[in-house]
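Read from first to last, the chains carry the letters A, B, C and D; within each, the first residue is number 1.
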Amino acid sequence: MKHYNQLAGQKIQRIEAICDGVFAVALTLLVLDVKVPIAAGIQSEQDLAIAFVGLMPKLSTYFLSFMTLGIFWTGHSVQFQYIEKSDRNLNWISLMYLFFVSTIPFTTAFLNEHIQFKLAIALYWLNIFLLGLILYINWSYAAKHHFLNLDPVEAVVVGRAIKRRIVIAQSLYAAGAILCAINNYLSIVVIICIQLNYAFALFGHHKKKKISLPHSEQVNTN
Amino acid sequence: MKHYNQLAGQKIQRIEAICDGVFAVALTLLVLDVKVPIAAGIQSEQDLAIAFVGLMPKLSTYFLSFMTLGIFWTGHSVQFQYIEKSDRNLNWISLMYLFFVSTIPFTTAFLNEHIQFKLAIALYWLNIFLLGLILYINWSYAAKHHFLNLDPVEAVVVGRAIKRRIVIAQSLYAAGAILCAINNYLSIVVIICIQLNYAFALFGHHKKKKISLPHSEQVNTN
Amino acid sequence: MKHYNQLAGQKIQRIEAICDGVFAVALTLLVLDVKVPIAAGIQSEQDLAIAFVGLMPKLSTYFLSFMTLGIFWTGHSVQFQYIEKSDRNLNWISLMYLFFVSTIPFTTAFLNEHIQFKLAIALYWLNIFLLGLILYINWSYAAKHHFLNLDPVEAVVVGRAIKRRIVIAQSLYAAGAILCAINNYLSIVVIICIQLNYAFALFGHHKKKKISLPHSEQVNTN
Amino acid sequence: MKHYNQLAGQKIQRIEAICDGVFAVALTLLVLDVKVPIAAGIQSEQDLAIAFVGLMPKLSTYFLSFMTLGIFWTGHSVQFQYIEKSDRNLNWISLMYLFFVSTIPFTTAFLNEHIQFKLAIALYWLNIFLLGLILYINWSYAAKHHFLNLDPVEAVVVGRAIKRRIVIAQSLYAAGAILCAINNYLSIVVIICIQLNYAFALFGHHKKKKISLPHSEQVNTN
């Protein structure tokens, strides 16, 4: 048994490694879409300043997508703190997750290029939604197949917190996306605010998420 | 002796690390080939929807190649669960494997651009075939040189399952590729179906692949 | 307790892994900005030599940015030698750090293209400044929340050395950047010299930074 | 003491991780330089076959560079099997090594574009030479500062083998590069042959390199 766990543990490390690799590449590729204004036509500091200000929308969506990837990297990473075994299905759930991670640079560039169209926001939202959905499936599958390093009581407590967090976040994203019915920029600003809140707990609600577990002081579910 | 095993173990970890790195970059680079339709000429939501639908063939081959890379990453990862030592030849077998991993974005882009020509399908198939071949050689070499963490009986059982899986999968891929004699799109659809089957066991045949080993409940050979 | 530390330790490894990944991609992407002179118009060895010499400014800023990334990778890596626990805030401090790592290829390309304008140097300096600032915050936060593997006395000694190093380096960078009031190239040459000094301790001042700690011979804070 | 070794060990792992990352990205980026022939102008299977054959020189230099990177990744990886401590200088030796790893895609593309000019071969050779030189310095420094996990007798034996290997390989590369005085293609073919020999020991000379060490059966110095 110890032997098998060791093997399975190795496998978890590989899933974590491919995951960290894909996220790292995606995080760094995003900026490639932000093109430096070419020298021709720039005559003065002021011209350059104007050209740089013109990059702001692109830099904003770049920052938005960096936050998105950061949030979902953290989400996946937190789940795998509690997952100690894996099988081929869990492996492929992570690979499908990485597929939608790798499409983020594409849906971001699509949003950048067509920010005035609702289809671009719908596509971006769909990408975020699918990442949330797979994260939810990942936990459910791992919990159902007893791949967790938690005793049953802990598993219920941690699982409830993880699932609630995904559902609330996705509801807020959906609400933000629907705002594009009024105005696309409003929609994007709201989604950025939701993400900043999740990353930095601006409105302090993350204190409620701290869970007391028997064998640890505090478990971070973010 | 323990000292040497430790060193050799480190080496295995390096092979796994470079492997995860190359796969991660290849997985994420694929999407760079899918260009966002440029804003000029897109006047309405409908124009954008049409342009997006026009990307579907590229997005399909992108998904196809992501599946391909996922399948071969999993295949390599599974073998290295059982490999605990390495020598320079095994090191170079993995590097050659990675060479053909790194050509997947190229053969995929080639397929995308020339999907109506049989040469493009032949080239893509050849890439998949070489990956399967090297995976087969990798296991054979490791088994022959006693680099496995399995006792002799287990090594035979696991090895047979791993090899059979490669042979069957490669036979199916070859059959799928030959279908391009009839129609190229048929060929691609069949290859995608084979891959979906291998990833998600749609037709349930993976149950037969589970092997009982003395010291573990179930060994996953996928 | 042991259980929780193990989990938290795993998390540190994930932060280190995503960090190494983003730095690795950024370090390698830099060179993509250095375009090979195209064959058309190159008739002789001499033409090619002239074209190659023409690449020197770009190769210099590329080397500059490689040094920058190397310095900040080392800085982050050194801090995490002493950090053994993490929470979500520390996680996001590292992700914000990686955001400004991923902008280095952009600010470098911006500097390359507009090297005669002060805005380009200001932007590049701002990027370096933000990296230093976040590094400072990272240590302060980890120390304040007792995430270090150091006893209180060591924590003060190591922390003072780490912080002093950041403050001195940033002061020098700021001074180098201000030199662009006189001449942009002077400013860049001075910044490169500061970096070479930090990397290779050309002027030998790193000996002063060696700290004696009770349980170790020498601790490297660079 | 154990505490410090543990920290230092972590640092080695970080150097290995950034190294694997940069190599992985460089290995995969190489292929980006091989552009798929565009569809316009390709009317038949034969046109495509001709266009594909036209890519052969690029694919060859791509393969050449993949081998180069593979050889130097293996060389670095082998050294770090024996290195268990690090200081800031060793850290920066590895970072400089990675700098010249990251220039390989550039010098390769330069060679591709200007294969008829000696400057292109000289530049490519210089890149290989600098990698070999830094590898030599890396071992010398680590051995001199007692960072190895070998006892003094082993350190001499392993060190001699590692250094001899670098010197012989670099002599062969230099000889291959000088052949460009006769013909550039001859030069490249000879360098590829040298590399194939080092990777796969085609001429069987690697048996001489096996060293008997007290505590291990055989040590691989390749």
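As a working rule, a contact is a pair of C-beta atoms (placed from the backbone, for glycine too) under 8 Å apart; a residue touches a chain by one contact, two chains touch by 3 or more.
All of these numbers come straight from a predicted model, not from anything done at the bench.
Look at the CA centroids: the one farthest from the centroid of chain C belongs to B. In summary, the pair chain A and chain B forms a contact in which the copies contribute largely different residue numbers, shared numbers making up under half of all those used. Each chain gets one centre point, the mean of its Cα atoms, and the points for chain A and chain D are 36 Å apart.
Chain C and chain D have centres, each the mean of its CA atoms, that are 26 Å apart.
Contact with two or more other chains is made by residues 17, 20-21, 24-25, 29 of chain D.
Those residues of chain C that touch chain A in the shared complex are 1, 3-4, 7, 10-11, 14, 17-18, 20-22, 24-26, 29, 87-89, 91-92, 95, 98-99, 102-103, 105-106, 109-110, 112-114, 117-120, 123.
If you check the complex, the residues on chain C that touch chain D are 16-17, 20-21, 23-25, 27-32, 34, 36-39, 42, 45, 48-49, 52, 63, 66, 70, 73-74, 77, 80-82, 149, 199-201, 206, 213, 215-217, 219-220, 222.
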